[in-house]
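Scrolling down, you'll hit the structures one after another.
Paired with subunit B in one complex and with subunit C in the other, subunit A is shared by the two complexes that follow.
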Partner chain A sequence: MSDVIVIGGGPAGLAGAIACASSGLNVTIVDEFIKPGGRLLGQLHQEPSGEWWNGIKESERLHQEARKLSVDIRCGVSVYNLEKENHLWNVYTNSGTLTAPFVLVATGAAEYPIPLPGWTLPGVMSIGAAQVMTNVHRVQVGKKGIIIGANILAFAILNELQLAGITVDRIVLPERNQISQKAGEPEEVMKSLLNAAHLAPSPLLRFGSRFMRRDWIRKIGLNFYPKNGVKVNGTPLQLRKAAIEIIGKDHVEGVRIADIDANGTIIAGSETIYEADFVCIAGGLYPLAELTAVAGCPFQYIPELGGHVPHHSETMETPLEGLFVAGNITGIESGKIAMAQGTTAGLSIAKHVGKGAGTIDEQLQQAVKNVRTVRQHAAIQFNPEINSGRSKMNQLWDDLYANNNREDSPKKIV
Partner chain B sequence: MANMGEIVICRCEEVTYGQLQATAEEHKCTARELKLRTRAGMGFCGGRTCRPSLDRILESVIPNIAPGEIPLKYQPPIRPVTFGTVGENQ
Partner chain C sequence: MTRIIDHPILGKLADREIITFQFDGNTYEAYENETIAAALLANGIRKLRVHEGSGTPRGIYCNIGHCMECRVTVNDQANVRACLTVVNKNMIVESGKQHPNIFKRMVEQR
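== the complex of A and B ==
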């Protein structure tokens, strides 16, 4: 029997397994995909410093480190249930049941859908699927595509598609409705993009960001927003156009697009059909927390973290004894943060087991601080209000759990 | 917005926005009832694709969902598995 089962072999899970194994624990990782690395496998971008971030290399480095520490990594294994029995966690998988006193759930995120007419046609995919096909499977998703939804993830993957020689004709917003909500409102989209504007390839966005933070200037900016959009690496970002329908008989043939005003309302008679042979829907990410939910962990809806997240402390423990979390399941952030959180969770588990001798407290404190440092230095934030979201969860944890008479109640780390 | 009602929300079970809205309004459904009446979220993917959309439709029918509550309960198995696997009869 392992001491720890890690569910998910992405940046958080691998880093968590490495930290556990370094402290002398016996670790098993299970992952649904055919090889470890999780979303790292799709990542390839240039940092503002000019350095390239190659996710495949990062995942290989972590994989090798884990193997050196004799971590048992099992790929192609899906976990369908998680429950506690006699102080041990049962991890039910499609290849048998695993049991351990400690479980680290690092299942990452899933994508928000944006349903629209025609979105079930072959050739329509989520932006994340386009990334996996391009960078992991090396399959060309199409010749000329349109991205629906403007957010940080869409820009990162736009760049990857371009590097692979695939043409993206334009980025437009989804039609504003009850389901697309803020993703269909030009002003809300503009607000979220301005925080990444220092990365923006367009001088207009970069210039604009300095004073567009004020509401009324932003309104004026949107009213005068160029009709054909501003170019992002050569692809027009059209914040004043919305996708009404994806058209095609047996496959995507184009997208019906209309002009919209600054609030997202469609301007009658402005519809045009633009040809495309693939469409990517970019709705953003939400924490994939199903397993912690079936395990019985309490949740809180925190929009800044991407949706419903399991209650957890800054040392990555949940209120359920022996159950820990790390990575995007705790809130949508970059792979670097996921790694730092994974390390924290691993050390936290080691501490619970009583490993790490006298230095474990210090190591854990250092790891928590490191998560904050990595966050401060992050080039992009998926949600600009991430710090507020993290504070809400920390506050909630303090209020609900920190002052109980639990032996090892978490100490505040300042 | 002309054909919003025809948009497929749950792809696995092919449930449209119009069906969900009509059912929710007619029966003043809870999340679970809406799911059981329409089968939205009960397909092969286990609701991983349509759950966020269903949540947003539910918000409009059931206002003031507490932030500590998940509108649509998660239940095992959260991945498609064979009866043999669940029954440990391999």
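== the complex of A and C ==
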């Protein structure tokens, strides 16, 4: 029996396993993908320093390090249930049940879909699907595509598609409705893009960000927003156009697109069909946390973290004894932060087991500090209010679980 | 669809063993250790199944195991995710088919 089972071999899970194994624990990682690395595998962007963040290389480095420490890594294994029995965790997988006193859940994130007519046609995929097909599998997703949804992940992957010789014809917004919400309102999209202006994909946005912080200037900016969009790396970003329908018989043949006003309302009679052989839907990311939910972990909705997240402390423990979390399951952030959180979770587990005599507290403190430092210097930030989201969870943890000797505070769930 | 052989940052695609497998009775080539979904797309095939009820075409959506849109039958095992399953030599892959809907037919025949 292993001491620790890590569910998910992305940056958080791998780093967590490495920290556990370095402290002398027996660790098994299970992951349903064909190789370890998680979503880190597809990542490829240039840091402000000019250096490339090459996810495949980073994944290989983590994988090698884990293997050197004799971590048992099992790929192609899906976990579908997690349950406590006699002080041990049962991890139910498609190839049998594993048991251990400690479990680290590092299942990462999933993409919000934005359904629209025609979105089930072959050739329509999430933006992340295109990233994986391009950078991990090295197969072109098409010749000429259209991206629906303008957010930071869409821009990162636009660049990756272009590097691989794939043409992206344009980026448009989804039609404004109850599902797309703010992603369909040009003003809101503009606001969120300006917040990420330090990594703005276009000089205009970078320039604009200095002037357009004020609402009224932004409104004027949008009203005069060029009809054909602003070029991002050669691809027009069309904040005043929305996708109405994806057209095709057996696969994608084009997208019906209409002009919209600054609020996202469709301008009648402005529809045009643009040809494309693939479409990417960029709806943003949310924490993939179902397994902690079935295990019985309490949740909190924190929009700055991407949605519903399991209660957890800064040292990555949950209220359930022996259950730890790390990475995007705790909030949407970039790969380096997931890695730092994984290390923290691993050390935290080691501390619970009683390993690392003398130095473990300091190591753990250092690791928590490191998460904050990495966050400060992150080149990609999915939510500008991330710090406030993290504070909310820390506060909640303090209120509910930290002060166990207070009469009115609920006990830790065992 | 084309394979991305040369990449300005990721470099040249490593040489890999080529194997053959079957999809809906036709033989296709694949690289060893790649997913069924990637191998089929590299052969220009996007349509992995039709909707069980309506018969409308479906392909991959998320490509990482979350959405179940890519389910195919592999060596007689139904509902296997093509985006998570490595294609093997001589593997028999069948697309998902439309299921008979007896109630609908009864209504149509009235």
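Just so we're on the same page, the second predicted complex is superposed on the first by the 403 of 414 C-alpha atoms of A that agree within 3 Å, B and C clash if a C-alpha of one lies under 4 Å from a C-alpha of the other, contacts with A are read in each partner's own complex, and residues count from 1 in each chain.
In this section, contacts are C-beta pairs under 8 Å (C-beta built on N, C-alpha and C of every residue); 3 or more make two chains touch, one makes a residue touch a chain.
Predicted, not measured: the structure shown is a model, and the values here were computed from it.
Chemist: After the superposition on A, what does A:120 contact: first (subunit B), second (subunit C), both or neither?
Modeler: It touches subunit B and subunit C both.
Chemist: Determine, under the contact definition given at the top, whether A:139 touches first (subunit B), second (subunit C), both, or neither.
Modeler: second
Chemist: Kindly classify A:52 by the partners it touches after superposition: subunit B alone (first), subunit C alone (second), both, or neither?
Modeler: second
Chemist: Who does A:294 touch here: subunit B (first), subunit C (second), both, or neither?
Modeler: After superposition on chain A, A:294 lies in contact with subunit B alone.
Chemist: Does subunit B (first) or subunit C (second) touch A:110, or do both, or does neither?
Modeler: Both: A:110 reaches subunit B and subunit C.
Chemist: Scan A:164 for contacts with subunit B and subunit C and give back first, second, both or neither.
Modeler: second
Chemist: Thinking of the overlay built on chain A, is A:250 touched by subunit B (first), by subunit C (second), by both, or by neither?
Modeler: second
Chemist: Per the contact definition in the header, classify A:78: touching subunit B only (first), subunit C only (second), both, or neither.
Modeler: Both partners, subunit B and subunit C.
Chemist: Subunit A residues touched by both subunit B and subunit C?
Modeler: The overlap between the subunit B and subunit C interfaces on subunit A comprises residues 78, 110, 113, 120, 288.
Chemist: What part of subunit C is in contact with subunit A in the complex they form?
Modeler: Where subunit C meets subunit A, its residues are 1-5, 7-10, 13, 33-35, 38, 41-42, 46-48, 51, 56-67, 69, 83-86.
Chemist: Give the list of subunit B residues in touch with subunit A in this complex.
Modeler: Touch list, subunit B to subunit A: 1, 3-4, 6-9, 11, 17, 46, 48-50, 52-53, 56-57, 60, 67-70, 73-79, 81, 85-86, 88, 90.
Chemist: Within the complex, which stretch of subunit A touches subunit C?
Modeler: 32-34, 39, 44, 52, 54, 56, 76, 78, 110-111, 113, 120-126, 128-130, 132-135, 137-142, 163-165, 250-251, 288
Chemist: Looking at the complex, which residues from subunit A come into contact with subunit B?
Modeler: 78-81, 83, 92, 94, 96-97, 110, 112-113, 115-117, 119-120, 175, 177-179, 181, 245, 266, 283, 286, 288, 290-291, 293-294, 298-302, 307-308
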